[in-house]
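There are two complexes below, and they share chain A, which is joined by chain B in the first and by chain C in the second.
Entry: the complex of A and B
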């Protein structure tokens, strides 16, 4: 039996599929240096951290593997490779992927997110990649982004193909575009920067200066022109509409799943939910093809759990919103349940607050630019905080874990402001938790446990008092 | 060089002068350094520009921790700390703070002060790429600044007033350029501490006074015999060289080095280009302040900065390059990783990278590294 068969079967691969994909699977594992011992470790971790009795979870795991194969082999299989940086201009990525779908000759995605999920969560083998990144201009101790250490390290190790084009959002984060520049310097690939400025004054979201749309639209059009000149890719109105529709179908299904997760008792762990939530971030390919089905399967399974009253924590457990789950460490994600907290929601699933009706922009670039503005995070620190605060008001939780990436400059710009503002706006108990979503060497689950336990105990005590009618 | 010492005294008394001017109804206009704020607009509006360029104090860093995370650039943390602790009196007298937004560290200053203080904060974006749409956006930003200044001062910034202010600021740039270029001779006729002080003064003291002083310095330097000790010639570059952060210059000098040219994102006013005096003055300002000037490390890509540094190293015949950056300034950190290779290839020179968090404890180690570097380039 092939050394990977048991693992892939666990991840919902069919026997025929494994046989058909044999060469691709073996070549990917060869490039990544993954052998039988790694398979055993992955099986052990998957059984330990995920609800493998749920087919939807196993399907999600399988999608991550398929995305990994497509990513690692893209060049060898003669595909053009387009990367977008993290946090990704997702819709732009999806539209490019949709435009190139008929020929199936492009890989479009956010490679670092795929490596976090598979090499990090499943194989626990991300550290050598991070170390390679540290040796390449992202040294430890300087607050350099671990996501970028991961991508640049992997490129240098030869486990990621060099892209034909990298797309970087040039104004949200400073380090991402510099990492793109460094990548281009070392590997010779082209980079397109989407520039703008987060210069909206404090307190102005969702308003924006129309000149910002003009500027951003010009930048997006520059990218579209480059896609056409370099690859012959045309982003037409039809591609925009249909691409948008196809990904919205997936995200609506995720919202549907979330509706069930918010039951009491909470029926799904954060580690399991995260597998589905992040698919939309890292994968533009297999998610579009298979993600919708996986979410639907999982939704039915979760619905059944709700009917049966099954919970990953006892009924009545304090309910918290966590800003983001860990991308690499399922132990951290499960720890929240272990300390007695139900996690029915993350920031990504908050209901979007009401925004003014969109301006009747006519071009795709303008429409995309305006959507980025309304998303909050690409508007300003205030936009990000206000977006979050408004969503929080319509969500029933007992507390908030405002965890943030310590080496993400846009996050640390607003971390303390967020806590202060949200304290005042919502009055909810809030834990400001500095951590690393993409590297668990310095922020392991055990190093964060004491703080989470203390927060959970406080929420439990508060809830008990409230139930007594004292508070 | 008596005149140089006058600058020190002008800087010392500037706060008092500003207070007096404010009492007489003058508006004091604060701005964040980086060379992207056209002081000409303030002068044309009959107000007084003053740059928030003080730094080097560890206490300000400590004070900032109550308001902002530690994972941000040292200089901007120091600004937040010194403003919110009330330790920097300049923040108490400004009527508005204009912040040309360059990167996230700078944006953190703008947001944190907007949230925690009553100071009116006016951010305007500086794009990170040089193309037509970016140029237009920068022009749009300075037009917004112009409008706000007119509202604040009640003075219309006419083309005539603006042209007059441009001529004044061009004169200052011309003099700084002239003085700087004198340092191409070997030995250089003045030390870097003095030249950096002139730069800081150009952002703080009255423009006409500064021009008179610089003019006198040019004349004195023309007459005086060089009195600077000989030693390896150094290009000092990096993120921020704040007013009060003299440690690095003193250490290089103590080690026998001689800084003959500086290039910083914040702290050295961009004096290499003048604003054109023909055509629309607002467009001319955008040309000079955004398109013409050499870019800092947070531009993408930043080949222009590499070329500029190589050119400065060659034009000023330096023997070595010292890269002095503050902690947690991403773009400089990444550039410091691969610029040495470019520098070596283009000039044969080596580079020493130093980082500071304004911490007195870092001095010993930094001194040893500088001494070793200076020794190595002498051989």
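Entry: the complex of A and C
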């Protein structure tokens, strides 16, 4: 039996699928240096951290593997490779992917997200990639998150194909484009930058200076022009609508799933929920084709759990919203449940505000720019905090865990501002947790555990106090 | 039917010391502190036995036992585990019901805890991953300056011009000490600078929670009178130190245990 068969079968691959994909699978694992021992470790981790009795979870795991194969083999299979940076311009990525879909001769995605998920969460073998990134001049804690170590390290190790085009994004993190510049210098690939700044005056969101939209739109048009000149890719209204539809279809399905996860007792672990949610971040390929189906299957399974009263935590457990789960460490994500906290929602699933955008922009680029600005997080610290506070009002949570990336410049300053603002606006208890979403070498799990346990104890005590006198 | 014993125990296994408190209703009948040493499990058994021996009790006399501290999960004889953050709030609340803030500085971490009216955690903050701002920082500095850890607080009080300690990293601060000594700086001023820098770090962290009267200082470092002085200066209000600040976590665990029976 092939050394990977048991693992891929666990991840919902069919026998004939494994046989058909044999060469691709073996070539991918060869490039990544993954052998039988790695397969055993991945099987052990998957069984430990994920609810493999759920077909939807196994399908999601399988999609991540397919995404990995498509990514690693893209060049060898003659595809054009387009990477977008992190945080990803998701809709733009989906639109490009949709525009290139007919020939299926493009890989469009965020490779570091795929490596975090598969090498990090499943194989626990991301460290050599991060260390390769460090050797390139990306030491931890120098204002550069491990996502930048990740992609550059992987390229230097030769486990990722060199892209034909990298879309550098500086509208949130200004260090990403520096890392893209280094990548271009070392590997000779083209880079197209999407520049903008998240500098807007405190208190202005959801309003904004329309000039910022025009500037960002010009940046997006520059990218579209480059796509046309370099690859002949045309971004038409139809492509925009279809790309929009595909991402909306996926995320609406995820919202539907989340509705069931919000039940009491909470029926799905955070690690399982993240498998699905992260697909929309890292993948514009297999997710479009198979992700929707996986979400639907999982939704039915979770619905059944709700009917049966099954919970990953006891009924009545304190409910928290976590800002961001770990991208590489399912043990941390499950730790929240282990200390008795239900996690019905993450910040990524907070509903958008009902107020319509103030300006009637009409071109594709302007509409894309406006949507990004309107999401708050790319507007300003205030925009991100206010968006978060507004979204919180519609959730029924007992507390918030605002965990922030210790070396992320936009995040760190915002953490204390967020706590103060949310204390005042919502009165919800909030735990500030410094951690690393992308590199589990940079925090102590036992120290985090004490804080999470204490937070759970505090929320339980507050609930008990609030319930006093209620007959 | 035999009456259930009202004697309970709290065991706090910290990075530096293991503590146990035996409580009979609201009265502390025995407490003990020993170094944690290499084996957390052995330290737990040993501190419990030595505390029981003080009153001629056996484990069978204890109705309920709660473990806390970073080694809480290694206490095999405990009926339950609770974090030290909840326990310090409970312990201080019993000793000083009007206290609203706890500064707890132990061997490997420091915390500032807001106590709710009923003695639970109202809010808290804990140092993240750095040794600066913990008892370990003081231990390292005492070693570098060849001083007794139990005396450095008193020495710091004699510093008339506290040195500016610029490094917040324990390892780098160590080399800074060597440089200061080489420059002829007095031990008194160096220790005053160390205590001042550490107090600054703890207070900056604690501002996330805020300091409300009365403020109580617990943990092993609370025995250091220099740290109390510099914390008071930074916080701008009087800080109270219980008679046995090290056992407050164990006391809190015992109080929770008492409420279980």
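Throughout what follows, the second predicted complex is superposed on the first by the 460 of 471 C-alpha atoms of A that agree within 3 Å, B and C clash if a C-alpha of one lies under 4 Å from a C-alpha of the other, contacts with A are read in each partner's own complex, and residues count from 1 in each chain.
By our rule, a residue touches a chain if its C-beta (ideal position, glycine included) is under 8 Å from a C-beta of that chain, and two chains touch if they have at least 3 such contacts.
As the structure is a computational prediction, the values presented were derived from the model and not from experiment.
In the superposition on chain A, contact is made by A:416 with both chain B and chain C.
In the superposition on chain A, no contact is made by A:40 with either chain B or chain C.
In the superposition on chain A, A:211 makes contact with chain B only, while chain C stays out of contact range. In the superposition on chain A, contact is made by A:180 with chain B only, not with chain C.
In the superposition on chain A, contact is made by A:196 with chain B only, not with chain C. Of the two partner chains, chain C is the only one touched by A:443; chain B is not. Judged by the number of chain A residues each one touches, B leads among chain B and chain C.
By the touch criterion defined above, A:465 reaches chain C but does not reach chain B.
Across the superposed pair, chain B and chain C both touch chain A at residues 406, 416, 434. Chain C meets chain A in the complex at residues 70, 82-86, 109, 116, 118, 120-126, 128-129, 208. Residues of chain A touching chain C in their complex: 406, 416, 419, 429, 432, 434, 442-444, 446-447, 450-451, 453-454, 457-458, 461-462, 465. Contact residues of chain A toward chain B in the complex are 136-139, 142-144, 168, 170-171, 173-175, 177-182, 184-186, 191, 193, 195-203, 211-212, 214-215, 218-219, 222, 380-382, 406-407, 409-410, 412-417, 420-421, 434. Listing the residues of chain B that touch chain A in their complex gives 67-69, 71-72, 101, 103-105, 107-108, 110-112, 114-115, 121-129, 131-134, 136-137, 140-141, 297-298, 300-302, 327-328, 330-331, 333-335, 337-338, 355.
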